[in-house]
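Both complexes below contain chain A, partnered by chain B and then by chain C.
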Partner chain A sequence: MLSSNMSKGQERSQTIPSIAVHGLTGCAGELLVILENLEQLIPYVRVASFPFAQSSNEEDRPVDIAFVEGSVSQPHDLERLLKIRAQARWLVAVGNCAVWGCVQKGGCRNQSTVSLLHETYGEDSPIECLPATPLQDHVRVDVKLSGCPINATQLLAVTASLLRDHLPYITSKPVCLECKLRENACVLIEQNLPCLGPVTAGGCGALCPTYGAACYGCWGPCEQPQMEAMATILEEKGYDMQEVMSRLFAFGAPDELFERVKKNLTAKS
Partner chain B sequence: MERTATFKKDQFEQFFCLLKSFGKVFAPVRVSEKSFSFKSIESPSQIAFEALRTILPPKKFFFQQHEPILSYDENGIHEVKPETQQQVIFGVHPCDLAGLGIMDKVYTASPPDPHYIARRQATMLVGLSCMPDKHCFCKSMGTDSPTSDYDLFLTDIGDKYFVQIHSANGLNLIESMPDFFSRPEAQEDQTFKDFWTTRDKAFSSHFESENLPAIMDMEWNSQVWDDLGNRCLSCGNCTPVCPTCYCFDMVDVASLHANRGERVREWDSCQFVGFAKVAGDTNFRPGPVDRLKFWYRHKLHGFEDPHGLPTCVGCGRCTESCPAGIDDIVNVVLRLQGKPSILVTDKKKTQAGGCGTSCGDCQCDTADGDQHA
Partner chain C sequence: MADEESRKKIEISEICRVEGHSAVHVEIEGDKVTQVKLDVFEGTRFFERLIVGHHQDEIPHITSRVCAICSTGHVIAAIRAVERIAGFTPNATVSLLRELMHLGMIIESNATHIYALALPDFLGFDNVHKFASEHTEEFKAWTSLRNIGALIQTTIGGRPFHPVNLHVGGFSSFPKLESLLQIKSLLQENLQLTIRTCEVLMRFPPRVRRTSEPIFFALIPEGDHYGYFGTKIRATSGFECDVNDYKSYLKEEAVSHSHAKRSSVNGQPIMVGSMARLALFGSLLTGEAKSIYGSSAMSLGDNNTIWNNLAQAIEIVEAFHRAVSIVAELERTADVWNTFDARQHTRVKLDATAGSGCGTVECPRGTLYHYYEIDNKGKVSKADMVTPSAQNTYRIERDIQEVVSQLLPSETDESATNLRANLETLVRAYDPCNTCATHMVSLRIT
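Here is the complex of A and B:
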């Protein structure tokens, strides 16, 4: 246990590991998943801070595990993130926003931050905004748990591992594996839907294809996704290359990957 | 042991009850317009007798997708006893029986796998005859008739099923209802033989497999692997659907309860980049070309290990379930042998029409569009 070296007889609040749950710029989907599953964590952790769910929160004390949702999209996100990092033993990025930047990075890639700001809030808006970035662009992230929103089972497994001082195992195998294990008819092959299962990290249990819809990549890329091959196959099915590119990168991905694929696909056409 | 019997198709309900008396019955069930899956069934009306290949092969009943092997707690480490149930797998075609024969070799070799063996022993395998489609090439791999360890095999001879009895379990079952089964008459023996002769002539996909391992060695640096591998999505679809892909990953899963957890075995795929990754981030097969070639080699040549067998049984599942159209084993072999063949990657070079995958689902030879019809 993380706090097992503390002397016996201390308050419960000081002898069991503490967690903090923070949200930066995101939809609060991860916060909801954590809240929904908090009952299972409560026996093993103390919730030191969870501004989304409780009114009394510790501000300036160290915590064992900090879960952070959302991307860094505003200057005060960054300030908060640096502070959270400084106080956390383990920093867990939860959800696609925190891990990859999600739609505010991927979908807005070709738009200027200023024009987005003006279109959304008006030209005289007092809101300050930055290009959306994942946590790892600014601080060391110990665990990246993607999802949109995250999978509760994975959340509990990550917490269990960190409570034992183990870095957790999180699958980065593609959605196709989970889809095949459920014996779904392949929507990419049978229905020619633009399914991104082959290049998207699993963890969702192939939720969309199970209900007959194409995977749209919300978990972010799997380990070394074969994006160029994916684009080729979708193009052969009659999808427009521009649409393919916007689908492939709607949910955020590392800039290097985006640049590489853009370059390769441009060279090809 | 090989005895034979017949029963009338219109009395299948009674045969089904007989199977149920042995255990829970699983059979191919239709799950989409084109796909089937082995599922637990309660009535013969659920059975898709027309199913040629299920999405996952019957290996899933013995080598489970996700299975705790060990558990640990305050008192130490414990072996997890395999959960088993008496079961009947109905409707297994010859290729899948051959696939299970290979799985049996792998999982019963020393040290034997207690989980696999326990489930295998609690299972009755009831085979069913089939007619090949364009993706079937079991004949080329020599796995086109039931030769492995099955219990009963049913051949469709019109209004009756012709039953080959191959095990003591199978015989016991047949003998428990002696009035139900008949001895085949001479005419029925002939119909049985005729069926298999007709079937033998029905294969449209074929290659000579005699020199296959040698050819795989010779063509290790063939351009084919680069062409196909560069189209590979590394989605791994080809391996769970393969009747003989037996590789797994082991993960330790901690419990929120202090000091408890499990070691879990899960299906893995050599097509995933993490599969051959070792300490220091070194990877023996870093790219999709390396990985695809490796998989083809295991299927058509075999590893340099005691089993050393080509592990392809010609079921055509990989061909059908590859989104990139590159698991076209028949055409790859023909190409490596220097014979007439069409590969999906030829399309780019020739700009010929059709989807190029010889998928048969579109008008490959006549259409000039790219899309599957």
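Here is the complex of A and C:
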């Protein structure tokens, strides 16, 4: 691993792979999950940079794994991301914001960033902002670990894989699969709750339905999400199309998917 | 050129610990501090806008994402706002479980701030490896306290943050009584740890001091105990008001140097958070929390910002006591709610009620306001959130100004170095959340 590049004075750096943990624009949830699991990581890695958790951080040296939370929402985020990418062997996007753009992407999709800025901060605001976008829109991302927040067990598994030099397999099968394995009663069919489990990536262990609540899509879309069918079911349950669309896309999804569903639904009506 | 030489700047260019990025700029002319700016350059989030159009049932899950560590506070504030608009009052079981959930957040958030973020300044370690390997007792204390807070929130809410089980109208399902009783035992077994946390913090007297008295604001707690929920605000100036009228006293404005809005009351800075709550409602503390507070400098009127760390620790002690009482009360009333059927059918579906209202809670860092206007279809037409950090920003700037002003006349290279560290400690004591906050700072004095 890249640790051979490290200076001689850093004893741990010569023997132990290094990680960096960075936050762009987000809620810091993934930083918190990583902080709370540090005890398990520290025996195996050197924490080269983690500004959220320590005051001594390396800025200009290569690291083996960089975990990046948050979306790119301002020019400053993009500058940092490019720098992080250049220094990292593996770049892991952690959390929905980094993988899909989360609620900022979902909520601001149909509004111009400039008008949002003016309404929030006034028309003469000097603040620079960009529409919220996931990391993969800007740089190569080696591993996409979604979640809101991420699952700590998955985080540790991903780290273990990368430390062994191979890319981890992360499933994005729907929440329904995990729900069936837990033998939950279906809250969509039996309780008519607006459950987005059929189109949402699992990994949470079907948390919401297990508590008797509707999945609200916080891990982003599953593989090949059947959004149009999901929309039709929700419409049949009595939700108006505006609400169906705002629920389906609240937690971020690629623009192509959003446009496709919008187009199909418009054509249908 | 004498003027040029007497002009100085202090810049903390990147303060970035706890959820976000911020910087401090201080301008000095002669021995006068002419300007202090706390620049929060976290990317803009637009939550007040992106919630518009969503159904009232969706609000808590979306606003939760403002901030992970106080997500429980954002969820409960949003729920309280919608329920207030609908004129709905939850039953006793729901209220108690929400309060217990909130205490879980207070314990986890305060413990993480005290041990992982504030203590490095006092114990002198600069990376997490040293924390885990050289300060094992503190590291273990942090882990134990934080895990208890996380366990409470996971048991009731489904996960340690961004809870899935708390909704407008109640819970999807109630936890099992046995799980709550396990929490009660853990709280009782670890009470000494909370007291030791206070003792650790009392060992370090503040190294800097603000010179003016802050005006404290906090919610008047509902019920007859120290608490975090309320609908009326009180200030140390004697001012009281229903939070629905928050716009009449709390002025929030965008400032050109920051992405965070800045709040003031009558043009003056205010302070919210643990210290403010103790100053206003310390008389409601019980047991060890009461005696520790009574023996602290704060109870004698020393309102030095740095004591906010201790105030957070005292709140953990009280939270342990209160949480035990809540579980005892839930145990007493278990026959009402702890049947299989009752635990599954707890949520009341609220009809859409057009109207507006404000839901408030005391988050770890201070009063959090969620204001919504809801239309007759139950959709959000307008939203406004005022976070504790926005309310504290002006006061942080005032503190920095006062501390730098005192030290200027005797400034040497050594005092400049100390000033660097001390300003960080000062800002950090506010435990600034989701946008500001401090740790990795490169401070430049030119």
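The rule is short, and it goes like this: the second predicted complex is superposed on the first by the 258 of 269 C-alpha atoms of A that agree within 3 Å, B and C clash if a C-alpha of one lies under 4 Å from a C-alpha of the other, contacts with A are read in each partner's own complex, and residues count from 1 in each chain.
By our rule, contacts are C-beta pairs under 8 Å (C-beta built on N, C-alpha and C of every residue); 3 or more make two chains touch, one makes a residue touch a chain.
On a predicted model such as this, the values are computed, not experimentally measured, just so you know.
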First, second, both or neither for A:238, with chain B first and chain C second: first
Partner chain in contact with A:102 - chain B first, chain C second, else both or neither: second
Partner chain(s) touched by A:55 [first = chain B, second = chain C, both, neither]: second
Superposed model, chain A: greater residue contact from chain B or chain C: C
Partner chain in contact with A:25 - chain B first, chain C second, else both or neither: second
Chain A to chain B touching residues, read off their complex: 1, 40-41, 43-44, 156-157, 159-161, 163-164, 166, 168-169, 172-174, 176-177, 180-181, 183-186, 188-190, 192, 197-199, 223-226, 229-230, 232-233, 235-238
Chain A residues within the chain C interface of the complex: 12, 23-25, 27-29, 31-32, 35-36, 38-39, 42, 46-47, 50-57, 70-74, 76-77, 102-104, 106-108, 111, 116-117, 119-122, 125-127, 129, 132, 148-149, 207-208, 210-213, 216, 218, 242-243, 246-247, 250
Complex contacts: residues of chain C adjacent to chain A: 14, 16-21, 41-51, 53-55, 58, 61-62, 65-69, 71, 112, 116, 120, 126-129, 131-133, 139, 143, 146, 150, 158-162, 164-165, 167, 172-173, 254, 256, 259, 344, 379, 434, 439-441
In the complex, chain B residues that touch chain A: 31-35, 37, 54-56, 65-66, 230-237, 240-241, 251-256, 258, 261, 267-269, 272-274, 288, 320-321, 323-324, 355, 369-372
